[in-house]
Structure formats: structure tokens, C-alpha cells
Amino acid sequence: MATFSILVTSAPFDTQGSNSALKFIQAALALGHSVKGVFFYQAGVNNASAWLTPPADELNLSVAWRALKAQGVELHVCSTAAARRGLLSEQDSQEQGYSGHNIQPPMTASGLGQFMEMLDVDRVVQF
Amino acid sequence: MATFSILVTSAPFDTQGSNSALKFIQAALALGHSVKGVFFYQAGVNNASAWLTPPADELNLSVAWRALKAQGVELHVCSTAAARRGLLSEQDSQEQGYSGHNIQPPMTASGLGQFMEMLDVDRVVQF
Amino acid sequence: MILHLLRASPFSDQSLCQCLGRVTEQDGIVLMQDAVYALRGQEQAWYNPMTSVSSLYALKEDIEARGISAPEQVHVIGYPELVTLTLKFDNVISW
Amino acid sequence: MILHLLRASPFSDQSLCQCLGRVTEQDGIVLMQDAVYALRGQEQAWYNPMTSVSSLYALKEDIEARGISAPEQVHVIGYPELVTLTLKFDNVISW
Amino acid sequence: MTSKRIAIINRTAPHGHSQGQEALDMTLVAGSFGQDVGLFFLDDGVFQLLTGQKPDAVLRKNYSKTFAALEFYDIDTLVVCQQSLQARGLTQADLCIPVQVLAPDALREALASFNHIVSF
Amino acid sequence: MTSKRIAIINRTAPHGHSQGQEALDMTLVAGSFGQDVGLFFLDDGVFQLLTGQKPDAVLRKNYSKTFAALEFYDIDTLVVCQQSLQARGLTQADLCIPVQVLAPDALREALASFNHIVSF
């Protein structure tokens, strides 16, 4: 069985990238492979918002990512790329004096160094 | 003198659209034209985040949009498109039971009907 | 042996053409997302170079989503086969 | 009389070609953002059709930002002229 | 509402990007506000109208079913670019609603008649 | 760090999109973590390296100055696609740092030698 890391650089809803990543990861897990984690970068950091609120007849990505975390897939978001796009962890938000934070579990605010740690797998696939 | 409305459909930082829109609006105002308002739609709704936090050597769009509002330019964001992307007004956030809200003044959460009101100008320019 | 994942429609975006200019006989190409619209390009300059790639795959879910179909010479695969393909090739590029 | 605002690089994106197939002699074209890279396309199929448009403009700020330059037949304009152009034409399309 | 006529152009294929779905949302609102609106399908936008789409397979919404509702919103200017259809090996028979198929010249004329044009 | 070699491909022109700036951020972090990294410039990505950029004019950051710092991060695999340069009327003399200019075959060989490839 093989190990994977997934890099998501595309914005949720705006493009199909998150949807494809989900289906790929689910298929990999079903085949018995290990998915070490997902790293969200570029516009992909928008996936880390705790507040994605699609209409009821559309995919709820927050629910989908949480389900993957429950299966042992780590979910890391680049905090620098996220801050540029208005996504902040509790700590970063407090430092800025903002009134709340929208990066919440199951997402972990990390640095690009975390992605380097995730390269120790058989394959990295980017969506 | 002429009247303008501006439609912003591109994401801040990810693309140059917001930057071009700002420069266009500043030029129009400097020429003595009237800019009725900016309507944020599609990925452009990300401009409405109160929490955009770029590094110090990059453009701070929150400051730039606020300056336009001070010059009389209305700033409207489509609340349906915004909610899909994790951007919520205080009211929408409370209804969802979220712990905060990231659409704050000078941005106004509106519907697409507001954009229809904004069509009563000489030119609509999209960025 | 590189596996190339194509995601954009070649009618709008040059990625497929740019990729085709760089593949070798050992490489594989997967059409996914809007890139499956390439299958409607019978009259386009890139169609024959594309279909002459022996390891040309298209993702079943993306074809069905868009109401199109694939000609015989294209290997139609699902996500499990896509996962397996990424392991069969040495590395993967997303275009 | 339509003013066409082009924003994407024609080396990556088909918008310029698609626009050129639809303009008439009365229309205007403005190259802005990454579309100013079209000025580096001397060897490309779309270059002559593009430069033969008599109302071809390119945005000064975007040219300078990218370290390129414009040939003589292109009208280089700033934002104030762009604002005025949008009023000179009947309507505006952003490609 | 205002008397300004608005053209909404679809230039992007469905499902890979959100443009089509939000262009349609805007069109329906324009219609319900009594705005004089034209909906155009150019380039990859013609793929929006294909019959038999099943985007549930890729976790996206099948909004193409909504095109049939456009007539109830009094949106009867539905224009498709003939050249874009042809380049993709398509004919009007492949589309899910009746439309006007126009050659490039006529299409540009139709667009020029609108006060405002937005594109997706 | 891991012994896996990573190739980072620039395929997008600067300033219109954020890809180049964030690709460079990733490259610098990879370098500072001692990762074996190659930076590739293909297609419109070659425009990243043009001399004389002044993006302040469009309210964007002039990160092209940072390319000169790559050598201090021990990133010495810098590859540019010859064909992409040629198609844009450019030569190595137009670029702000010394690079390896490779023909398509050699470029593909170079890419094939990396364990992982990401593109921007």
C-alpha cells in the first residue's frame, strides 16, 4: 500500500478542484492506501473557512473535510497565504485585534514548512 | 460628467482585478465623474472580508476600499455569493450560529437586486 | 514516465497544447474536470496529437457530469483507477 | 461601437483570439493586466490581426509593471484615458 | 427598475468553474426585477446548454435544469454563437432549450444593442 | 527534511495572478528547510524572470528582486524552457538571473528526475 499527500491550490466552489481532491482521497482510502494529509495553499486556503455556507442543495465542503479528518487525514492550511485572503486562526486573529476567527478545527493553521514534512510520501497530487 | 457602476468578479490578491478596479475608480473620480458604487460578485466577494491581512509591503485592500467609501462610493457585496465563500454579515452569521462575522462596514451585504439598481448609470465596467 | 493531469478546456486554455509539446511515448495523459471537453475537439489542431498518445485517459465522472462521451481509443477510468495510475507512473504534474 | 477590455495573456488563454474573431472596424481593444504580454507575440498567429485593429490601446501601468514595451502602432494610455474611452464607445465588454 | 438593457455573457464551461451557475443566478434576478436582459452563450459557454448533464457525479449542482425556467422570467433573448457551436461539433439539437443561433456578425450586432454587458 | 526531490513549476505570468509570488515563497521555504528543490519556468512562467519590472505601478509587490536571493538558499537548479522563451521573442539576456535554458526533451528529462512536481 502507498502513501499520498494532497496539495489543494484551487478555491472551493469557484473551481472543481476541491471536489476532485475529495473524490481522489476517498478512492485512495478505499483502496487501502494512506493519505498523510492535505495542504491548502494559494486560493485553496479558502477551503479552511469554518463558515462556508452553501445552499442546502450544494456540497457542504466543511462537512466533507471534517469527515476526512475523522478518517485520520491531517488538514493543514498555510497561515501566510490564508491571512492574505482573510482567513485567520484564533491566535493570529487575536494578534490582529479582530473580533473572531474563521480557521477552526478540523483545520490546522501551519506554515509552508509543514508541506515540506508532507513530501515524505510516495506521491504528491495537486488539485 | 458621467456616472459609473463597477462590478468586481475577481478575487483580491489571486488576480489583479481589484487593483485595476481601484485605479479605474480613482481616475474616474479625479476626472470629476460619479461612481455610484461597486458591486462584489463571484470570487470578488472576497474583497468584502474585514480581515484581509497582507504583509506590510503589500497593498492593504481594506484600507483602499474604506477610502473610496469615504469619497461616497457605495460598496455592496452579494450575500448569497459571499455565504458560499465563507463571508457573512452580522445577521447572517447569527442565523447560522457562527462565532463572528467578517463582512463589516464599509461593506454592505446586499442581494443581486442591488446590482440591478446600480445599472441606472452611463457605464458599467467589470473587473 | 510522467503522468500529466489536464484540468482546463483546451478551447479556452493553452495547457493541453503546451503539455502535448512536451510528452514522450512513455508518458500518460488524464483528461479531468473541464479538460474532458477536449473530446469534443474533433476539428481542432490538437485533437490528433492528443488521441495519438497511447496512454490517454479520461475521467468517467467528469465526462458524465458534462453530458458528453468518449471515443473508443480513449481509456475511460474512475477515481480508483486514477489513484492506481498515479502510482504506476514515476511522478505527476497537474496542468 | 464596443470597447473590449482584454485581461489575460494570449499565450495562455484564448480570449484575445476569440475577441479578434468578433470585432468590427468601429470597435476598440484595450490590452490590460496580463493581456499586455500580447505585445511580445510578434511571432504568433494573432499578432497581425491584433495590430491591424486601428483602435488598439495598451495600459501604460501594466506595461511598465511587466518590464516590456509597446510598438509604435499601439496607443499607450493611462487610467484617465481609459475612463474617457469607456465613455467614447457605446458599451464595454471585459474578456 | 431602470430602463437600461443588460447582456449577460456565458463564456465558461460548466462544472469546472462557478461562472455559469452564478451567471444564471444573476439572470434570474434580472428577470424577476423586470430588467430587459439578454443571455448570450459564446465560446465554452455553449457547453452550459448541453442536454444530459449529470454533475452530481462530481459533487456539483445540476443547475442546467433551471435553463428551462428562463421563459417564466420573461427572458426571451437567448443567443448562442454559431461558430462556437461548430468548433465543438455541436448543433442546436444538442442543446436543452430553444435558442437563437447567430453568426459572428449578427451576434456582435445583438450585443452592441445593450447598454451594459457583463461576462462570466 | 525528507530526501524527496521537489520540482516547482512556474507556468503563469507575474502580476495578473498571484501564482508566481506564492511559488517563490514555497521555493524559499523549501530551500531553507534543506529540501532538494528545482525551480522551472515554462510557458508564461518565463515572464517571471524579466528584468526591469515595476509592479508598484499596478499596486503589486516587486518580488522579482527576490530571485537574486535564490543562490543563498542553495537553490541552484533553475531551468527555463527554451521554446517558451523563443515563442515570446526573449533570450537569456532578458532575464534577471542566470539560468539553464533547456530544449523540450532535456527539460522533460530534468522534470522526470524529481519525486514530486507542483505547478503554479
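By written order: A, B, C, D, E and F. Residues from 1 in each chain.
Just so we're on the same page, a residue touches a chain if its C-beta (ideal position, glycine included) is under 8 Å from a C-beta of that chain, and two chains touch if they have at least 3 such contacts.
The chain lineup, named per UniProt: A, B = Sulfurtransferase TusD; C, D = Sulfurtransferase complex subunit TusB; E, F = Protein TusC.
Bear in mind the structure is a predicted one, so any value in this text is a computation, not a measurement.
Colleague: In the chain contact graph, what is the shortest path length, in steps, from subunit C to subunit E?
Modeller: 1
Colleague: So which chain is farthest from subunit A, going by the mean of the CA atoms in each chain?
Modeller: D
Colleague: What's the farthest chain from subunit C if centres are computed as the mean of the Cα atoms?
Modeller: B
Colleague: B-E or D-E: which has the larger count of contacting C-beta pairs?
Modeller: Output for the comparison: B-E.
Colleague: Whole-Å distance, subunit C centre to subunit F centre, using C-alpha means?
Modeller: Chain centroid spacing, subunit C to subunit F, equals 25 Å.
Colleague: Using mean CA coordinates as chain centres, what's the gap between subunit D and subunit F in Å?
Modeller: Computed from C-alpha means, the inter-chain centre distance equals 27 Å.
Colleague: Which parts of subunit E, given as residue numbers and ranges, touch two or more other chains?
Modeller: As it turns out, subunit E has residues touching two or more other chains at 11, 15-18, 43, 58, 60, 115-119.
Colleague: Among all residues of subunit D, which ones touch two or more of the remaining chains?
Modeller: Residues 7, 11-12, 14-15, 33-34, 61, 91-92, 94 of subunit D each touch two or more of the other chains.
Colleague: Mind pulling the residue numbers of subunit A that touch at least two other chains?
Modeller: 13-16, 20, 23, 42, 58, 80, 123-124, 126
Colleague: What is the complete set of touching chain pairs?
Modeller: A-B, A-C, A-E, A-F, B-D, B-E, B-F, C-D, C-E, C-F, D-E, D-F
Colleague: For subunit F, which residues count as touching subunit B in their complex?
Modeller: For this pair, the touching residues of subunit F are 15-18, 58-61.
Colleague: Over in the complex, which subunit F residues touch subunit D? Could you list them?
Modeller: 11-17, 43-44, 47, 50-58, 60, 86-90
Colleague: Considering the complex alone, what residue numbers of subunit C touch subunit E?
Modeller: Touch residues, subunit C against subunit E: 7-9, 11-12, 33-34, 37, 40-44, 60-62, 64-68.
Colleague: Enumerate the contact residues on subunit D facing subunit E in the complex.
Modeller: Result: residues 1-2, 14-15, 18, 21-24, 90-95 of subunit D touch subunit E.
Colleague: Taking the touch rule as given, give the residues of subunit E at its contact with subunit D in the complex, in rising order.
Modeller: Checking each residue of subunit E against subunit D gives 9, 11, 42-43, 83, 104, 107-108, 111-112, 114-119.
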